[in-house]
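For reference, the structure discussed in these notes is given below.
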Amino acid sequence: MKENGGKWEKFFKWINGETTIDSVILENSRKKRFAKRKLRHQKAKFIALRLKHSKRRIQEIICIIVAVVFIGILLKTASELPTCGKPDNPVNNEVSERYLEKGVEETGSINLVSGMILDYRAFDTFGESCVLFTAVICVAMLLKRDKNNIDPIEDQELKEDEEIKNADGSLILKFVARLVIPFIFLYGIYVILNGHLSPGGGFSGGAIIGAGLMLYSTAYGQENTRRFFTYETFKKVSATCLLIYCFSKGYSFFTGGNHLKNIIPKGIPGNILSSGLILPLNICVGIIVACTMYGIYSFFTKGDI
Amino acid sequence: MILDYVLLIFLILCAIGTTITKNLLDAVIIFMAYSSVMAVIWALLQSPDLAITEAAVGAGVTGILFFITLKKIHSVKGTRD
Amino acid sequence: MTNMLRFLTENHYEAGAIILFGIGFLNLLLQDNLIKKFIGLNIMDTAVYLFLVSQGYIAGHTAPIATVGQKALASKFINPIPSGLVLTGIVVSVSVTAFSLALVQRLYKKYGTLSLDKVLVLLKEDKEDESNP
Amino acid sequence: MNLIHNIPFFSIFLAMFAGIVTILIKDGDKARRLHLSITVVIGIMSFILLMYTYTKEQRFTFMMGHFPSPWGNELKAGPLEAMLALLFSVVMFLSIIGGKHLIKKEILPEKQGFYFIMMNLIFGAMLAIIYTNDLFTAYVFIEINTICSCALIMAKDSGSSIIATIHYLIMSLLGSGFILFSIAMLYSITGQLLMTQLKGSIMVLLSSGEYNFPLTIIIALFTIGIAIKSGLFPFHTMLPGAYDSATTASSAILSGLVLKSYIILLIKMYYCVFTINMIRQMRITNLLFFLGLCGMVIGSLLALKERRIKRELAYSSVAQIGYIYMGIGIGSDLGIEAAVLNIIAHALAKALLFTVVGRMKDVSLSQDFNHCLKCAAHKDPIAGIGFLVGSFSIIGIPLFAGFASKLYLAIASFISPAKMASAFIIIAASMILNAMYFIPPTIDIWSPVHESDGNYGPRAKVSKSFALSTTAFIAINLLVGLNYKYIVHIVDIGIQLMH
């Protein structure tokens, strides 16, 4: 349609019934929009340029001077800080010692970092999950399709993309995706489940699974992903996981704060079913992160999940 | 020891590179390289947890999000096909 | 001067982190393009994380993954606290990045530009239009 | 086991829980009702906590988990924290019911649920910032606060609100970067993150004279970070656009509460980590005092120049933030008490003013220029009276809440001789300027549309929720203004217990 341009030609085509009226209107609105935008753009450019030469120079120079002085002061400060890598630095005090010496015994986790963030300092980690949740809600608020956020050109493009994906437009991608995706998911699940035994945990594993979902959606189109992952599932799954997180950590904070006994067994350190709440929490965090990452991705691309 | 310096200097060069490139795509790619090198440095500093997370989140997901944003921007501009 | 040199050789991670922080800071202040601004922000954040991680490092010690029944771990492992803090920080910064990029997309749809100066000029024009219709 | 000790933990988790559950609710009205009921519950709990801590004169710690203080997280609550939590819930509740109509009108129906998720989360984050005893937790919740406040600004979804959000976001993130860096450096020289332990190690460092220069830089960085976030004078540029373009309830909560929560964190840092004497010796108080004075004058002057009423209120917030920082900058207990009093008075008055202006904008020609607000007070007299009360409180007329804070600021500066003269002159000048920029809109809203015919036009339909919220705001303002001695007493005990 694009190669034989010209308004009249299109018009005749439309009369002959070769194209729909929608696309003509679309094309026209697109042009109008661009013209308007271009005009504004040029006007703004002109004004901005004029501003730039007078004000911006001085501002930039002041900023650079301030920043250089600032870096100098910070470097001076850092030169007085303890030397990196010495075992007798102030950071290596009784706090880290207990995390290391008693960590396995008190949390049941072999990976001491996991034990620390999900047991000793779990409140931070709860806040962190809430930050992720906040971010995905904000992205949904901004990019979800609605009255204020609809663009016919973009819709058209999305439709084209989807058509290409449904036809055999990206064979290589599909082939590679079919090979790689199972391994990505397996690796992600492995990282999550072994969060208390080896490096990794809910966040990294969840990000890996999220990336796998993104790849699936890129290769097979969003319609296919929607068969098992819609906005409703997203909402329910992430809310459930966050609530489980909220309640289980709430339970352990409550018992801890009131000096009650924690009845959750620790298990034998080193086993996969051990370390008390850390394993379920890791799974919850993993699911939240995977949902969030995929959610953000699909809001970015399609404006919906 | 020398590896440390090389990696650090590479990091600083990458950071300056993102500032001075005119092309946004270049800037994003340089930033992804920066994140990957950062992951390597953290692995050298004996923090494998961080290295995995940074490689997956910092270089992977953040990079993808930047790319999609760039794509959206160009598609609106009309330079897509 | 010798002090500074010694610092650069011994605390090279801190020095690098602070230089990166400065570059990110400058980027955030001076860049007109919003995407580059947010890249600068990310650089600034990762610089702070590098600083923290280097504080937790102890030469000759390994990553804190215990084996069962091991004793006297504090003399073998690095400090786990900075790792935990940075893990939290990374997630915070990816959330912030996602949010800001979503904002950038909406902004572009509305005004067709990524330059902050131009947007501010356009906004002023909009307001003038509103005030004398 | 003492159930009252669980209140801080319960209130944070309840707010967070409500935020998470709200995503499952489709209807905006139900989401609002859930938020309001949560606010009421938290308000009642905070009141009980306030009574308990005030009568016992006690500040207790609550262990978050099974590990004691240098290893696990902690919450700490005393009279001051409890009172601020109570204030936050009251102002939040009243601003939401006062701005209910506008929320319904300005935010798309399918996004109202999201809006209330953000409200719940920001409430939880503010409570966590007040109660926490751990620096890194404070940082994480500061970030939640930042993202949520940006979401509240952009909820209206117009072009100007998106630009204002970007501006606000960039400034806030700059502040967060500074705060995070200062926390990292502080950690590297002490190895602690909990405030109680930090104080101990800093005392040791001070007496040995080690790391003196880094400590100064750390405090300066932290202060600058908080100052950027709370809109102290040279960093105030993001406020007017944000408050102008956000919906009424958002502006009320952002200017009344969110900025204040950062300042409370700063005060807590000054007392529970560094001591106020140390801050005074490092001359950081002098800097804050100077910037506060500048903010008071320049904020008022900018407000005088401004024609859009919501921007005018934003600049007036800049001036009030200047008062608060001036109080901190005096560098004595009395000064900090005056600052906290001003936080309370300003939260009440500014939330009232934003709510009222939103309503007047709604009933008049729906333009927020002063000349279009003409006659708005006749259309809804309660709004007119509310505007009067709010502006009286901000100016500092006796009987209203703002008077007490200005009085105590003056007393505090009286005791510190070096700063007395400048503080007196600027407070007097600023009060006159406040009165000057509130007089034109007040005349405007009470005068008829056309001078000649004297026709006031018909009354607008009475909005029950708005009337309720405004009368409650006015009543609380008068209550605080008349009984300020009690509040001063509570604040005094709270500050003494923080030493």
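Order of writing sets the labels: A, B, C and D. Residues in every chain begin at 1.
Following the convention adopted for this analysis, a residue touches a chain if its C-beta (ideal position, glycine included) is under 8 Å from a C-beta of that chain, and two chains touch if they have at least 3 such contacts.
In this text the structure is predicted, and so the values were computed from the model without any measurement.
Novice: Count the touching C-beta pairs: is C-D or B-C ahead?
Specialist: Looking at contacts between chains, B-C has the larger number.
Novice: Report the inter-centroid distance (CA atoms only) between chain B and chain D in whole Å.
Specialist: Taking the average C-alpha coordinate of chain B and of chain D, the gap between them is 38 Å.
Novice: Please tell me the distance, in whole Å, between the geometric centres of chain C and chain D computed from their C-alpha atoms.
Specialist: About 27 Å separates the centre of chain C from that of chain D.
Novice: For chain B and chain C, let me know how many angstrom lie between their CA-based centres, rounded off.
Specialist: Taking the average C-alpha coordinate of chain B and of chain C, the gap between them is 12 Å.
Novice: Once you find the CA centre of chain A and the CA centre of chain C, what distance in Å lies between them?
Specialist: Their C-alpha centroids are separated by 16 Å.
Novice: So which stretches of chain D touch two or more other chains?
Specialist: In chain D, the residues touching two or more other chains are 136, 140, 143, 147, 150, 154, 185, 187-188.
Novice: In chain B, which residues are in touch with two or more of the other chains?
Specialist: Where chain B meets two or more other chains at a single residue, that happens at 47-49, 53, 57, 61, 65, 69, 72, 76.
Novice: Which positions in chain C are in touch with at least two other chains?
Specialist: In chain C, residues 12-13, 19, 21, 24-26, 29, 54-57, 61, 63, 65, 81-83, 85, 87-88, 90-92, 94-96, 98-99, 101, 103-106, 109, 111-112, 119 touch at least two other chains, as defined above.
Novice: What kind of graph do the touching chains make: line, ring, star, complete, other?
Specialist: Graph shape, chains as nodes and touching pairs as edges: none of the named types, so other.
Novice: Give every touching pair of chains, nothing left out.
Specialist: Per the contact definition above, the touching pairs are A-B, A-C, A-D, B-C, C-D.
Novice: Please name which positions on chain B make contact with chain C in the complex.
Specialist: 4-5, 8, 11-12, 15-16, 18-19, 24, 27-28, 31, 34-35, 38, 41-42, 45-50, 53-54, 57-58, 61-62, 65-66, 69-70, 72-73, 76-77
Novice: For the complex, which residues does chain C have touching chain D?
Specialist: So the residues of chain C in touch with chain D come to 21, 24-25, 28-29, 34, 37, 41, 44-45, 48, 51-52, 55, 81-82, 85, 88-89, 92, 95-96, 99-100, 103-104, 106-107, 110-111, 116, 119-120, 123, 126-127, 131.
Novice: Can you check the complex and tell me which residues of chain B touch chain A?
Specialist: Against chain A, the touching part of chain B is residues 47-49, 51-53, 56-57, 60-61, 64-65, 68-69, 72, 75-76, 78, 80.
Novice: Inside the complex, what are the residues of chain A that reach chain B?
Specialist: 34, 111, 113-114, 151, 153-154, 157, 191, 199-201, 203-204, 207-208, 210-211, 214, 293, 296-297, 300-301
Novice: Give the list of chain A residues in touch with chain D in this complex.
Specialist: 73-74, 76-77, 80-82, 89-96, 98-99, 106, 119-124, 126-128, 130-131, 133-135, 137-138, 140-142, 144, 146-149, 235-236, 238-239, 242-243, 246, 250, 252-260, 262
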